[in-house]
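Residue numbering begins at 1 within each chain, and the chains themselves are lettered A, B, C and D in the order written.
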Amino acid sequence: MRPATVTAAPELEVAAWLNAHGSPSLAALRGKVVVVYAFQMLCPGCVSHGIPQAKKIAATFDRGDVEVLGLHTVFEHHAVMGRDALDAFLHEYRIDFPVGIDQPSDSGPVPRTMARYRMRGTPTLLLIDRQGMLRQQVFGMADDMQVGALVAGLVHEEADEPQCDEGGCRIPLSTVT
Amino acid sequence: MRPATVTAAPELEVAAWLNAHGSPSLAALRGKVVVVYAFQMLCPGCVSHGIPQAKKIAATFDRGDVEVLGLHTVFEHHAVMGRDALDAFLHEYRIDFPVGIDQPSDSGPVPRTMARYRMRGTPTLLLIDRQGMLRQQVFGMADDMQVGALVAGLVHEEADEPQCDEGGCRIPLSTVT
Amino acid sequence: MRPATVTAAPELEVAAWLNAHGSPSLAALRGKVVVVYAFQMLCPGCVSHGIPQAKKIAATFDRGDVEVLGLHTVFEHHAVMGRDALDAFLHEYRIDFPVGIDQPSDSGPVPRTMARYRMRGTPTLLLIDRQGMLRQQVFGMADDMQVGALVAGLVHEEADEPQCDEGGCRIPLSTVT
Amino acid sequence: MRPATVTAAPELEVAAWLNAHGSPSLAALRGKVVVVYAFQMLCPGCVSHGIPQAKKIAATFDRGDVEVLGLHTVFEHHAVMGRDALDAFLHEYRIDFPVGIDQPSDSGPVPRTMARYRMRGTPTLLLIDRQGMLRQQVFGMADDMQVGALVAGLVHEEADEPQCDEGGCRIPLSTVT
């Protein structure tokens, strides 16, 4: 589950966003934990497990700490999972977090962000920490309690650590309050 | 659940059949119990409850006794629930019983068979007896045990009753064997 | 699932009945379908699956047709699954159908009815037809739809068949009404 | 869910421990997060929801960080939920974390620890932080993801904070590594 080496999460490459004001990006969300849920609207495991789990993450955590983004990574049946179909799907399944359409590739069925992350299929859950590092990439059914613990771990560890960058080091919040 | 008056089940009016050899019709299936499961591929309750229940009916009963037919009764989002989309859906959800596309209406969003049966939405389960009478019409979530009992009731009652029509009366099967 | 040969269901041998007026017996219930659910109050599969299924059978079928009986077949932890413990269990789990305590054996841990039926463990479901024949004996998790169909099959087949015994043959009910 | 005021968790008062080496106490577990799951073996909601959740907590978190303790808070049917019955229950439900028997009261049906915590019933989940403070007390069904997040929050916040006591202040672990 945990990547062998922790690396910076590659930026999302998205053709269009639904349910979003502007264009979310990992760069702009630096400082928050970001949960990216890659799915396809006609993937049974995504519909029965992934989407409900993504909605539960969005409901459990404070949006000031955790941003949930859907990513529609279509790698099959492209003709019937276009933007309009996705729009109807989001409406019927009452999904209100931002969902990006993964940028199609010129050279094959797998879209660009999906390829960059070397995802093995859908659903895939990405957990990205406040500093933009990819901390977990889970393909398939992740357990709710485990996911709750992992996300909360990222929420807490980062906020409590001294954060140093070229501008200096800030005192961890929990020491101050 | 039970219709106030038991009436002959109106014939299905179908634009095209998938997963079928030829064109199933209630008339041609006279003598069998027929279960018609009306659904839409983007209806959450159909996907989580109706489709699994339809598959379970098909797995529980002998096809010599019970025919399961899907009916795609699209009354919203027509543009993204066309034949190709349905085809991909049936493939991904491994549905192998025949599914008819309810004939669109010229005058409104509700397709013709759906209108004839005055269905209130999807999923809707129709139970039709061996003599073509509509015995149950259930909108929403029907319980598995209840459905198992209702279908088995139709399987048994009809085969064991003397069957009389204008051509005379046949001896019930169970008396002969 | 189906016994190799259909035989008469051995009578229940019960030390005491709870939730019952008098002492139910298979002999006295001849004419009805009888569902016997053998369980132990400390058996996890009985509690999570068997008891809820038994309650659902009792709720689905008319008591004029189908009698549901629990049978507490204690073959382990005898000291803590006595009558008082069972009483508390029935109260907490809101079980209101009659439950018999299987008669302990003088010679071993397996009680008498359990031994007679050669049950392999708990939960075990027995389906007995209107004429007292053991038609199904299922150890473990039986599927709700399957059970609904089996019970309904017994309800219908027997009532609709001509019933012959040494006293003669009666006309099937469904022909008369 | 969150107590109005965060107070020190009262010590557990236990008549006997099962599945334990010695006698666990909150005092001795200072430094770890402690999850106490109060239940009764004949409480349906405890069996269907509380016990599985307690087992999942024990499986999800490292025992170096989180200790899971069961607490058998019998307030009804005392005669049939004694130590031997509990023993059989723990065996059948494969519970291997320590379980304490809440000390019966001399003056009423509610045992002592249950009374101290003013629990409203079973199941009740207590979350106690590394410094022995009662941080959450949840009566009824708590959601798995929420519980995962709460426990992880306690695991992380405390380990990362400077910990001061009469012996001085230690540098938080996360700053050192």
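Note that a contact is a pair of C-beta atoms (placed from the backbone, for glycine too) under 8 Å apart; a residue touches a chain by one contact, two chains touch by 3 or more.
Values in this document were obtained by computation on a predicted structure and should not be read as measured data.
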Centroid-based (C-alpha) most distant chain relative to chain B: D
Same or different residue numbers at the chain A/chain D copy interface, by half rule: same
Cα-centroid distance, chain A relative to chain D, in whole angstrom: 33
Centre distance in Å when chain A and chain C are each reduced to the mean of their C-alpha atoms: 52
Interface hub residues of chain B, defined as touching at least two other chains: none
Touching pairs - complete list by chain label: A-B, A-D, B-C, C-D
Interfacial residue positions of chain C with respect to chain D in the complex: 42-44, 47-48, 77, 79-82, 84-85, 87-89, 92-93
Interface residues, chain A side, partner chain D - complex: 53, 56-57, 60-61, 143-153, 155-157, 160-162, 172, 174-175
